[in-house]
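Across the two complexes that follow, chain A remains constant while its partner is chain B and subsequently chain C.
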Partner chain A sequence: MNALFVLCSPECFLTLSALFLLLWQAIAKPNYKSVGILVLASYLISGVLLLPFVDNQGIYWNGLYVWDKMAVLWKVFFLITGFLVTYLSLESNSLITKGRAEFYTLPLLTTAGMALLASVRDFILLFVGLEIVTVSFYILVAFQKEFPSALEAGVKYLVIGALASSFLVMGIAFVFGITGSTQFDEVARFAQNNPVSTPLVLGLIFVLVGLGFKASAVPFHVWTPDVYQGASTPITSYLAVGSKAAGFVVLLRVLNLPFYDQSFQKHWIPLIVLMALLSVILGNLAAIPQRNIKRMLGYSSISHGGFLLMGLSAHNTIGCAAVIYYFFAYLVAIFAAFLVVILLEKNQPSGISIKDFNGLYQKNGLLAWSMAFAMISLAGLPPLMGFFGKLMVFLAAWESGQHLLVIVGALCAAAGLYYYIGVVRAMFWAEPETVQRIVLSPATKVLLWILSIGSILLGFYAEPVIKLVGAVLS
Partner chain B sequence: MENFFFWTFVLTMIGSGIGVIANKNPVASAMNLVLMIISIAGLFVLLGAYFLAAVQVLVYAGAVMVLFLFIIMLLDLKAEQQANFRMLGIIGGLLTVLLLGIGFFLAGKNITSLVGKMGIVIQNNSIKALGELLFGNYALAFEAVGVLLLISMIGVIILSKKDLD
Partner chain C sequence: MQIGLTHYLTASGILFAIGLAGIILRRDMIIIYMCLEIMLNAANLALVAFSRYNSNLSGQVLVFFVITVAAAEVAVGLALIVALFRVKHSTKAEDITLLKF
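== the complex of A and B ==
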């Protein structure tokens, strides 16, 4: 492990650039917009710095940190997420009035924490990384402290998040107490050579509870709708994609190494199946009556968590590849949807309901089409990316024998069509109250085009992408 | 003798733990929490983890709880004292305690393996061993904690400062 490698890893580079930007804005008091642009640049540079180390492979830092293809893939995912979040924050700058520079800089540290989680190989580092992500989200959620709804969301997230963290720590303590180690390989080795005892299973359950909170899986979902609605829109998109992905990358790591042993699998597979089942049912059904778009997307994110858990329950390579592909589809669709929401919010800061999408097609065609593609992709209709994500998750779960889960999942996905198509219907067939053209900046136009075309192209050419992901995993 | 101290600390801990949630006066709750933290420190002493016991008293009972009390007294929480316990909350709490209790009981049956492993950890539990672990094996996690503390510091400033620019 050389110094260059450490410096170029996203976690280190992003932390350093965040430190630099914090000091710079404290001393030189620059224009907040230039801070935002520098944050965007840091994500890009960090992505470029990754390139020489793509083929690296190994376990570093005394077994705490692993660098493999999957870690690189997730780091890229988190860098894209961070980049888009900052772009959305810049786009919605009229809504955040105070401390804007910090509002752009904090996500750098959050993304660093997520990148750290992508290559975690020890329970201690797992906990610290997850806390970095969660604590920075407490702050980001409550950032618009002049709105009571944001403060309420922040407090709710803090209380439930702290409870989830305590479960996670308790679980880790049990695992450590029995196996005598927090390192993933050591735990896996212990499980191979010794019978799995009750305390170890209790540890596993507690760890799943803690991670279920991050993945907002039912029954650990109660915070989701309120927090999604109360937080400012860029942060909601960050929660929906980044925070959920952080939970799932840890689940992928934990379930595929320390808890991979057969004797563990017979305990966690039923739990994951149960969580997936409840999430798809509750998420899809509860989203139907929602009128506020952010709340609706909150419930939709619960249901997507369920579909992703379905991929995990398959406990094979196809399932894991499906989860990763699904996440990229989800990222593209969610950011397109939230970018549209932010652009609409500019005229109506009090919050956007489905009604406000009425006749969007007449106001701006590109916005309406982007939102339509996002909704259709989230609903899982062919030929968009979301369809292939769902298809693969279903296939993986079916192959591993979870037939009931797949049938319920397919039915719930069909029920979910109703509320996604409701938005599309409002945009194209409902009459608007006022026809006022919405003007977009060139950069936003380009981004909307990229997201829309991406979700179509990667849907049509899903096969090479899935093969690539599969190659990464094997 | 050790048994006697163990049960004293454990019973004090449980009693004061109930006191924290059952008391309507926030100051009394906080004082109960202090008592609970001190009894946990007592358990650490019995386990031979002297450093942890000292840190527990210094940091939690000393620093954190003083801050707690300070804020409670500044806020003057009158409304809290009049609020009644909700039935649903009590039932939910008891159910959670029951479920966790069953889990811990089942886990406790295999306590022998726990003790064996813990013994190894405690043998190394001098401050020197702790420092070697923190700056050697777990150096990366230690650095990450530094970032975590920085984030919380920024957060406190953002959320509490009135005239943020």
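== the complex of A and C ==
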């Protein structure tokens, strides 16, 4: 265990660079744009520093922290997320009037918390990591404090988030009380040798409630549409991808180690199946009448949470691989969609509705095509990435015998086509009120091209990604 | 009467229920926030009791983390509620109705 390894891990490096940048802002009062570029650079450097340690394997600090291939893969995922969020924040800088430099720096700490969550092996570390992410999100959501809607979103997120964390602590208390340990391996060993008692099941349920909030699964979803609508757009994309992924990486860890035993599985599988069912139904049906694009994507995020839970309910390797592949598909599509929303918001800061997409193709072809690919990928039509994600999730759930869940899921995905295609129809076949060309910066053009081509290419050639994920899990 | 683990857990359960009921029933943001703290402390009480009766200290270590995190959460949360009060001149839950379907 060498010190270099600790310093090079994303959680340490990102925290140090965030502290350095905050101090630098306090002392030198730099231009906010240069801070943003330094933040982008710290994500890149952190990714490079990760390279020498990709093949490391080990469990450190009395089983508190684990470094394996899955942890590395998720850390890379969170670094990409953080990088894109900062790029989106730089792109939408006209919307943030005060404290722009802090607005770029704070996500570094959130990403550090997420990277920490990728390697939890103890309930204490799980709680701390989850709270680093949640508390920094309270600030980020309510950052535009001159807008009542942002503050309202922040307060709603705060109340529900704090409620979820008290359930999580109570659940951890019961698991600790019955098994006598907070370490994942110890809990798993206890479950192998002892019968699972009612208080332990209660603990399991409370922990699932706490994590269900992060995953925005029904019935713990109430905050999602409001917070997605009220928060500034880069933060909404961060919530949609980063915060949800943080919830799912913890669920993957928790359900595959301490709660993996048969005696636990017979309690949590029905609960996960129920949450998945409710999420796909409510998410897809409630998204249909939405007019505000961010609110619509909020409900769509609930439904994607349902599809991801479907992969978890399969409780096998294919299911876990499906969840990870699905997340990469989701990342590509969501960031493309939100980048387009941000570019449209520049002319209309009061919020974008579906009507504002009318005739986007005539204003800027690249924007319209990127948004169309994102929507089609989210809807799950072939041959884009989203289709293969959904297909794998369905296959995994079908193989483990969740036939009803797969049938309902497929029906809901078909219903979901309606609102995704509604956006595409507005862009290509509706007449705009004014035809005013939208000019893009070269970097944004390149990013839109990368996201669109990636979404198609990794859909056609899904095999290498799936092989990579399979190698990580084996 | 010997005070045992069950008594502590019952007290913790009652506190947890009081907190949850308060969040659902009360209409003032500050009171709701206090109820959230009651729930966190109910969990802390359960952790300390379990830790004492298991003679394992890691539960009490977690309590320290929970207290620290709760302090950070209160700092952020109260700042948010104050900022909301400046804009809306109210901390009542029924006045926070800008974002809805």
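Keep this in mind: the second predicted complex is superposed on the first by the 474 of 474 C-alpha atoms of A that agree within 3 Å, B and C clash if a C-alpha of one lies under 4 Å from a C-alpha of the other, contacts with A are read in each partner's own complex, and residues count from 1 in each chain.
By our rule, contacts are C-beta pairs under 8 Å (C-beta built on N, C-alpha and C of every residue); 3 or more make two chains touch, one makes a residue touch a chain.
Quantities reported herein were computed from a predicted structural model and do not represent experimental measurements.
Touch criterion met: A:D226 reaches chain C, while chain B stays clear of it. By the touch criterion defined above, A:V128 reaches both chain B and chain C. Of the two partner chains, chain B is the only one touched by A:W61; chain C is not. When the two structures are aligned on the shared chain, A:F174 is found in touch with chain B and with chain C.
In the superposition on chain A, contact is made by A:L163 with chain C only, not with chain B.
Judged by the touch definition given at the top, the superposed model places A:G113 against chain B, while chain C stays out of reach. By the touch criterion defined above, A:I139 lies against chain B and chain C together after alignment on the C-alpha atoms of chain A.
Shared-chain residue A:S197: touches chain B; no touch with chain C. Taken together, the two structures place residues 124, 128, 131, 135, 138-139, 142, 145, 174, 177, 180 of chain A in contact with chain B in one case and with chain C in the other.
Those residues of chain A that touch chain B in the complex are listed here as 15, 19, 22, 29, 61-62, 64-65, 98-99, 102, 106, 109, 112-113, 116, 122, 124-125, 128-129, 131-132, 135-136, 138-139, 142-143, 145, 174, 177-180, 197-199, 202, 205. Note for the complex: chain C touches chain A at residues 16, 19, 23, 29, 32-33, 36, 39-40, 42-44, 46-47, 49-51, 53-54, 56, 58-59, 61-62, 65-66, 69, 72-73, 76-77, 80-81, 83-84, 87-88, 96, 98-101.
Residues of chain B touching chain A in their complex: 103-104, 106-110, 113-114, 117-118, 120-121, 136-141, 144-145, 147-148, 150-152, 154-155, 158-159, 164-165. Contact residues of chain A toward chain C in the complex are 123-124, 127-128, 131, 135, 138-139, 142, 145-146, 148-149, 151-156, 158-159, 162-163, 165-166, 169-170, 172-174, 176-177, 180-182, 225-226, 229-230, 286, 295.
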